[in-house]
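Written below as structure tokens is the structure these notes are about.
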Amino acid sequence: MNFNSYSLTKIAKEDKDTTYDLFFGPNHPGMHGNFGYVLDMVGTEINSVRPNAGQLHRGFEKLMEQRGWVQNLTLVPRICVMDPDPNEVAYCMSVERIMGVEIPERAKYLRTITLEMSRLTAYLLAIGGFGGTLGHYTPTHWSTADRDLIMDMFEWLTGGRVYHIYNIPGGVRSDAPEGFFDKLLEVMDALEARLPDYDSILFENPIVHKRLKGLGYVSKEDARKTGLSGPNLRASGNAYDVRKDVPYAAYPYLDFEIITQEGGDALTRALQIRLEYEQTINLIRQAVKKIPEGDVRLNLGLLGNLKVQAGEAYEKVESSKGEFGYYIVSDGGTKPYRVSVRGPSLPAGFLWAQKHLPTMKIDDVAAWMGSLSICPPDFDK
Amino acid sequence: MMTVFNIILYSLFAILVGLIFLGIGRKVAARVHLRYGPPFYQSIIDVIKLMSRESITHNFVMDLGMVMALTGLIGTMLYIPIAGHIAFESNTNIIVIMYLMAIGHLGMAMAVSASGNPYANIGVSRALTMMLGYEVPFFTVMLGLIIYNQSSSVMVINLAQAGSIWNWNIWQMPIGFIAAEMALQAMMGEKPFDAMIAPAEIASGPMVELSGRYLGLGFLTKAVGVFVETALIVNFFFGGGTSVITFVIKQLEVFLIAVIFDNIFPRYKIEQAVKFLWIFPMGLAVIQLILLAI
Amino acid sequence: MNRITVETLLQDLASRGLNGEKISEQQIKVFASKDNFVNHLHYLQTIGFEHLANINGVDYIAENEFEVVYQVYSYEHKIHIVFKVRIPREKPVILTVVTLWEQAQFYEQEVHEFYGIYFEGNKDLSHLFLENWNDLPPLRKDFNTEEFSEKLFGSKRHGGGK
Amino acid sequence: MAIGDKSISAPLTAIKSLFKKPVTVRYPDEVLEVFPEKGVSPRFRGVHTNDLAKCVGCGSCERICPVNAIYMELPEGKEDVKKEYRPVIDYGRCCFCAFCVDVCPTVSLKMSREYDFTTSATMEMRDGEEVKFVIDEFMFRPTNEREDNIGYVTGKKMKVLG
Amino acid sequence: MFNINSLEQQDNQDKLWDKVINYFRKRSLWMLHYCTGCGAMELPPVMTSRWDMERFGIGPMATPRQADILLITGYSSVRTMKRIIRTYEQMPEPKWVLAFGSCTVNGGMYWDSYNVINNLGEYIPVDITIAGCMPRPEAILDSMLKLMDMIQAGEAKAFRKYKENYAYYKANQDRLFMERGPVLESAALRYVHEETEGGEA
């Protein structure tokens, strides 16, 4: 039964007095990050929506023009808090492309491992997010605690828990400490052993199915045309993955298939995350097994005064939310001339909000937002 | 004079037990989450702190409504026998209980809609819709009990189950018990039927504008509500109790089952919840009624 | 449609009057004029370049020009095009591509906000991120962010010390 | 059964976690025991330590610092020559990237595993006008002493950026 | 109206009752669930199973009316600042503010950004500041415990400072939010597009 078909609502929508503005966010427990929608409501139904962005705007792209090439590495991970490493790698890859250098093999593998670990943390947060938005806090508690296992690994490898600043142009900053890979494999086993628990409590839960099924449907064609990327795109049946199509780091040496699903609704996107989570664990295991010995960094001279010849490049990396792209213009100086960041969330956060939300009730806004893995900092910049 | 003393004693007892139940519930929920959780007396601390805070009121109706919600539930509690003790004796007290239990929600509705916050209004409309959802199956089960015992006095139903554990109504009418448990989940506002609170959707709904004392009263209402609802189930299906302690332990068991279910399901949307309540518990209750009639 | 390579694509575009350069095996850059770039983008869209990743501006203050860059990708051919259009700095007006890609609406709003470039045909160019903003669009090279921060927020180059 | 099929009984299996040992680290009483040593990891980037005898006042750290958190200061009673200057670190700016540690030529500047840098005196009102900001309290001055001197280990090569 | 003298009298009254009530206040700190910046990323581990701050009775709350602590988790842009102040003023007393990370002290990473405020203490009174980018969960817990001690000792009274020096705070806030002219002179270079002109082009 479609509640929109009630004639009362139809009359109410035309009457100016019965509609009211509801501020969904930024200060709202269901909101992912510091972002908001201004919903024009009739009763509990959404009439129209206006994104209320800009709370996280820091002017990254301007600040990057003020700082040196290496100094910018402290800024880039802060563009996406949940999944910081793709930013570092994409930035470094762009710089390396302009300089025309190839990094050592071991560094490529280490980059791959950090990227995949970062993806795991983001997926675990996403699983927690699904729980939180549906009022199911058990998976939220579990997944955030499991995420900490990987954060510990990051802390051991790089010295930072959330912001690692591990990749630099020419490779990575330091080699892995002794015993790191064994411990990492142990953590992977532990995480894999937890998967049945998540399955039973979240992905097989009948009420989760009831809530998410058919929510926020995106068709195959629309997903390609409107710039969705990552799991959202693959959940609509498009076999596109930057790791396969424009291979970078050590992905050409690893064996994996692109996971696609038909369906395109929130439930499919949740399952997509579940499936890719398993794949990611597999990828880390492969990378740890195959990692060669050798240098971890090219000698590019004194990096503090690094100069990059004039040129430009757009390099992209598959993050947990989709395609992160860095377009960098260099004029040959010690600072970038222009860095432009392509965040994956903008099409979902702005365009699909205006398409999807007016067909929904207030109940589903948070769950819808979580299912499209919208991360406000990357479009607020 | 004795009655007044009784009333105060009963309500203090209910509040205290209810608050400790809430604290134990948080502790158990924490264990499901693989953590330790707060101490069991945390809810009492919370309430005392809330009472000492600055309270922002919007108008007179808000003050009145919150008090009405609490007194409504305390009034209900006075008609429920606790291990044979009862504040007001009455022959037809199920009818009174049915009537009084709604007052709590109505008082809350009055108070929070006076605040004018749209989230609160949505929350209250959800709470009242949910009430519509669970009262029908719950009272159908009660009707079964009344028919079975030929009396609408909780005391009589209670005494009929005395003696052996096999006299309990849970064995006499198990289908009705399952229906009542489902309705109880909704009555206590536990998941999957907590659409009226729903922090991720409507920012904790009715409580949006409540601060300080008003929120403290809300907590007390919740605590007394938990006490009343579990006491009803214990009286109807678990044969009451020989002493207050066994009664309270039985209540705690009923409450903990609700808490565990609360932690393994997400929430239904309000229309899904009402649909569910009107199909499954209602269906079971009607089946039970037919079985009794035959 | 056959899979096209970077070389054939560059030839194809050259025959349509577009200069291009190869950046890597899967990436080229293309220079277009502001008069007919929408037609070129439309053509690219029809031959499979359906993914508009981003629109961003670049301020070439020495040449007194803005550049609007369209990042276009083809899922089919796996080629990325950095599509560049130059416009004069005094009168930064360019045609919109909202008719080709819906999400361009927000990218254009963003470029307008940060560079002051006007997109003709875009109905809504309101500010997305900044509030109460009366200064130059912030990403232009002649806007000094440190000076702004000093005046409005009282920041100092060396904290509270010096 | 395929992954993600509906199952009414599946959620009930979560009850078994009631009987598992909680994963909580009860912090003030317990600390992390994940790494070879107790507490935070050996590479953790905490607050700085500086071996004043080794420091030569070269100012590399000041130049590399991405956020202008470091500036060179002359300790009291010292001769005004470059090698007597010592870095002052402003934790109101520091982003704990450890670039300064990496470039330090004499390995005198290190990062300890200490992370606690909390202060309660945020501001002080004098006559309702003057304000003493917390900024000054968040400075790591040459006179400050820290005990934890395990240091940020950069791996095989000590100097990573140089 | 509000009277500063009465406040001082209140301060001087060191009753047993205050000590008792302070115990309950410190054992039940509810924080507002509002992530203003990236520092919020270390809050989930603290709130959930790994560090479990509910052991101390600290929990997230949905609305400012119910909350005791306001966490400013990291940098705050001008737009966020407006919402922070509005939120802060909605919270009932007693209320406390915890500032996370370097950004709140002296601008942090974004000290020269055109949209991020530099010192939070200029706009609202802060009780505790934690350095770090971002602070570890242990540091967050430490600061919470420290706040508890301060509450028990009756030292955490920044919210009174806000009332006493409201004019100072208000002036600083107005500088950001009131209609203002251009800050820099270069704004005169702005190009204003006219529709008719656009039509010709």
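A, B, C, D and E label the chains in the order they appear, each numbered from 1.
Note that a contact is a pair of C-beta atoms (placed from the backbone, for glycine too) under 8 Å apart; a residue touches a chain by one contact, two chains touch by 3 or more.
Being a predicted model, the structure only gives us computed values, none of them experimental.
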Shared chain contacts [subunit B and subunit C, defined touch]: A, D, E
Chain at maximum distance from subunit B, centres defined as averaged CA atoms: C
Which of D-E and A-B has more C-beta pairs touching across its chains: D-E
Distance between chain centroids, defined by C-alpha means - subunit C, subunit D (Å): 39
Length of the line joining the C-alpha centres of subunit B and subunit E, rounded to whole Å: 38
Length of the line joining the C-alpha centres of subunit A and subunit E, rounded to whole Å: 28
Interchain centroid distance [CA atoms averaged], subunit A/subunit C, Å: 23
Subunit E, residues touching no fewer than two other chains: 33, 48-50, 52, 55, 62-63, 79, 106-107, 109, 111-116, 119, 122, 133, 136
Residue list for subunit D, restricted to those that touch at least two other chains: 11, 14, 17, 22-24, 26, 40, 66-69, 90, 92-93, 95-96, 133, 135
Subunit A: positions in contact with at least two other chains: 28-29, 54, 57, 59, 62-63, 66, 74-75, 138, 141-142, 145, 163, 201, 205
Pairs of chains found to touch, sorted by chain label: A-B, A-C, A-D, A-E, B-D, B-E, C-D, C-E, D-E
Subunit D - residues contacting subunit C, complex: 68-69, 71, 73, 88, 90, 92-93, 133, 135-136, 139
For the subunit E and subunit D complex, residues of the former touching the latter: 49-52, 55, 99, 102, 105-109, 111, 119, 121-122, 125-133, 135-139, 141-143, 145-146, 150, 155-156, 158, 161, 164-165, 167-168
Subunit C partner contacts - residues on subunit E that touch it in the complex: 78-79, 82, 106-107, 111-119, 122, 175-177, 179-184, 186-187, 189-191, 193, 197-198, 201
Of subunit A, residues touching subunit D in the complex: 67-68, 70-75, 138, 142, 145, 152, 155-160, 163, 165, 168, 173-175, 177, 179, 197, 199-201, 203-206, 209, 267, 270-271, 274-275, 296-297, 302-304
Subunit B residues touching subunit A - in the complex, by the definition given at the top: 32-35, 118-119, 122, 125, 191-192, 194-195, 198-204, 263-272
